[in-house]
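Below are the structure tokens for one structure; questions will follow.
Per-chain numbering from 1; labels A, B and C assigned in written order.
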Amino acid sequence: MIFDWKWDFVWAILPRLLGATLNTLMAAGIGYAIALVLGLAFALSQRTGWRLVTSMVREMLEFIRSTPLVVQIFFIFYVGPQIGVTLSPWVAGMIAIGLHYSAYLSEVYRAGIEAVPKGQWEACRALNMSTRDTYRRIVLPQALPHAIPGMGNYLVGIFKDTPMLSVIGVTELMQTANAIGSETYRFLEPYTLVGVIFLALSLPTAGLIRLLERQVRRKLGL
Amino acid sequence: MWDFLQTYGLRLSEGTLVTAAQFALASLVACLAALSAGLGRLSRHWLVRNFAVIYIEIFRGTSLLVQLYWIFFVLPLLGLSLPKFTAGFLSVGLNVGAYGAEIVRGAILAVPRGQWEAAYALSMSPAKRMRRIILPQAVALMLPPWGNLMIELLKGTALVALIAVSDLMFVAKQINGATFRSAEAFGTALIVYYLLARFLITPAMRGLERVMARRLGKV
Amino acid sequence: MDLSAYPLELPKDDCPMVRFMNVTKSYGALVVLDNLNLDIQRGEMVSVIGPSGSGKTTVLRMLMTLETINGGVIYVDGQPLTHMARNGRLVPADEAHLRRMRASIGMCFQHFNLFPHMTALENCMEGPVQVLGLSKAEARARSEELLAMVGMIEKKDQHPSRLSGGQQQRVAIARALAMRPRIMLFDEVTSALDPEVIGEVTQVIRRLVAEHDLTMLMVTHQMGFARDISDRICFFYRGQIEEQGPPEQFFTNPQRERTKQFLRAVKDAD
């Protein structure tokens, strides 16, 4: 077995990889922010009672969830110029990843909203609250603690899917490791380090999410 | 669109067949990995348990793409060279298997305590108890989440194109590179993936759920 | 549904506070209320009793507009509640009309339905601030006064999860009253309570009857309590009013066979 691990090479490329980690985190953060907002919009659009809107959005979300993110990234990146909108790799990537995960988050929100007891809606009705106030003041705050575990899982999921952005040339962690590999013809250290960095960042998150859930519950007095 | 399909339909179908093969083999790997790691996590031997935990955490804690590149580009440096086709389904299968292991473990733990005790009272051996009493009930519990996982697995196979396995995604990318008809190339690929997921995998899993339910006499 | 037989509004002088006119409610083939006619006068306290599934809770839920109506019209203070006048005829009410009409109705539920993420005081202030547009200070003053009346002022900063069932129900009554309704609906408000705390809730309702000029409709299983405080008892059986009358007469001298059976069964259970 040729086990040829070079520590000095590791120290040489580590700063570059850590720099790229920041880009990865930024991509995950932006993509997640888009997904959070879009997902809520999709979830609420499913509750309008408008049959046509409801079924169209549901079909679209089903489509997004059952097709590969990497193909969606290519589609958005390359189809833009074909119809006259040139998107930078970052913009195309953020749209693709945000849209993809919004389909999952809308499910998380839906389940959270459905977990709020029917009596809460009836109490709002009896207090003559508007639909908007009912959601904003009563239903969504109670749906949040139910949604946090799912929201946390998909935050980790989005983080782990950012390497796919390398296929259109977003300079995140994976792309940087690829670049180092093709410059130096050494793959062992860069690819292994990428794995270690991902592990180091995603392993503690599960605990943090549980902590956050407890905090939110306490804050809401539940 | 029609002329596009006439010109490239054959190549896209060939790509779809490769995707289907990757899917089938990766599912097999995923089932075996999930079952061994899921049972391993519940084992009384600390060595087996730790081995399972390390496998699950590594494959769930990093990206499929990272795993794929590592298995394809780095393993040869450690003396294990795999053809790209094998590296492809193996990576996807091992990745999904790690998620599946948690489903297996959860389902086994969800079998009511009374079933374990009843099997114990019949003085069954642990292996027999697991095989004859616990697993058949656990499988019925696993199937619904397993269905979602199979969709994720199908989506995962698209990444093998990045190590040049000529699957559906790879063909779409090639056509795009040659013609710049991106909407048609990637659009067709998306639709094929959707059809496979919605009209093949989902109904098959539902059918399996029904069969299992009937076997357990729950119909 | 032909609505031309129903008036656009009831004559102003001495119209009842609530009028159910030929009201029908069904879920698919199951008829819950069958051609119900019921008037409730201003300031009247009416108790609705009957076996489960007799449609008594549905009466309250329709008045609160939690349920839609399949036939007939409900009037509140002479105005149609479930419908509204448009171009000289009645059409089903839209959301704006329902909101306007609902403002005069308050309701307390069997399972309290307090907002778990708000304190007792915040629960009471929510409606006045968000719906009536009161300032926080005004809403607080009003809510504290009501919490004092139901004996919950010391617990005003507690969340519902820290309160007993009886305490939660008293907060729920204060919350409903904070909207200054003219009609109060009590839907089995003591059914989910432990026996030893029922008294603290019935005490509050007794005070309301004695001191306030509210029109009240109450669904209850507590015959003694209903007998004490009601002006009238309505006995529901299979979606219809089987018998009604002043409590003394109703309990001491029921006329109908089904009423007698029901009262005997209730007495045996006690």
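Everything that follows uses one rule, which is that contacts are C-beta pairs under 8 Å (C-beta built on N, C-alpha and C of every residue); 3 or more make two chains touch, one makes a residue touch a chain.
The structure displayed is predicted, hence computed values, not measured ones.
*Asks:* Taking each chain's centre as the mean of its C-alpha atoms, which one lies nearest the mean of all protein C-alpha atoms here?
*Replies:* A
*Asks:* If you average the CA coordinates per chain, which chain's centre is most distant from that of chain A?
*Replies:* Farthest from chain A by mean C-alpha position: C.
*Asks:* Using Cα averages as centroids, what's the distance between chain A and chain C in whole Å?
*Replies:* Centres of chain A and chain C (C-alpha means) sit 47 Å apart.
*Asks:* Starting from the mean Cα coordinates of chain B and chain C, work out the distance between those two points in Å.
*Replies:* Going by mean C-alpha positions, chain B sits 56 Å from chain C.
*Asks:* In angstrom, rounded to a whole number, how far apart do the mean CA points of chain A and chain B lie?
*Replies:* Each chain reduced to its C-alpha mean, chain A and chain B end up 21 Å apart.
*Asks:* Help me check something: in the complex, which residues belonging to chain C touch chain A?
*Replies:* 64-66, 99, 102-103, 105-107, 109, 111-119, 126-127, 130-131, 159, 161, 175-176, 179
*Asks:* Residues of chain A touching chain B in their complex?
*Replies:* Chain A residues touching chain B: 1-4, 62-63, 65-72, 74-75, 78-79, 81-83, 160-164, 166-167, 174, 177, 181, 187-188, 191-192, 194-195, 198-199, 202-203.
*Asks:* Which residues of chain B touch chain A once you look at their complex with the stated criterion?
*Replies:* Listed in rising order, the residues of chain B that touch chain A are 57-58, 60-67, 69-70, 73-74, 77-79, 151, 154-159, 161-162, 169, 172-173, 176, 180-183, 186-187, 189-190, 193-194, 197-198.
*Asks:* Show which residues of chain A lie in contact with chain C when the two form their complex.
*Replies:* Of all residues in chain A, those touching chain C are 117, 119-120, 122-123, 125-130, 133, 137-138, 141-142, 220-222.
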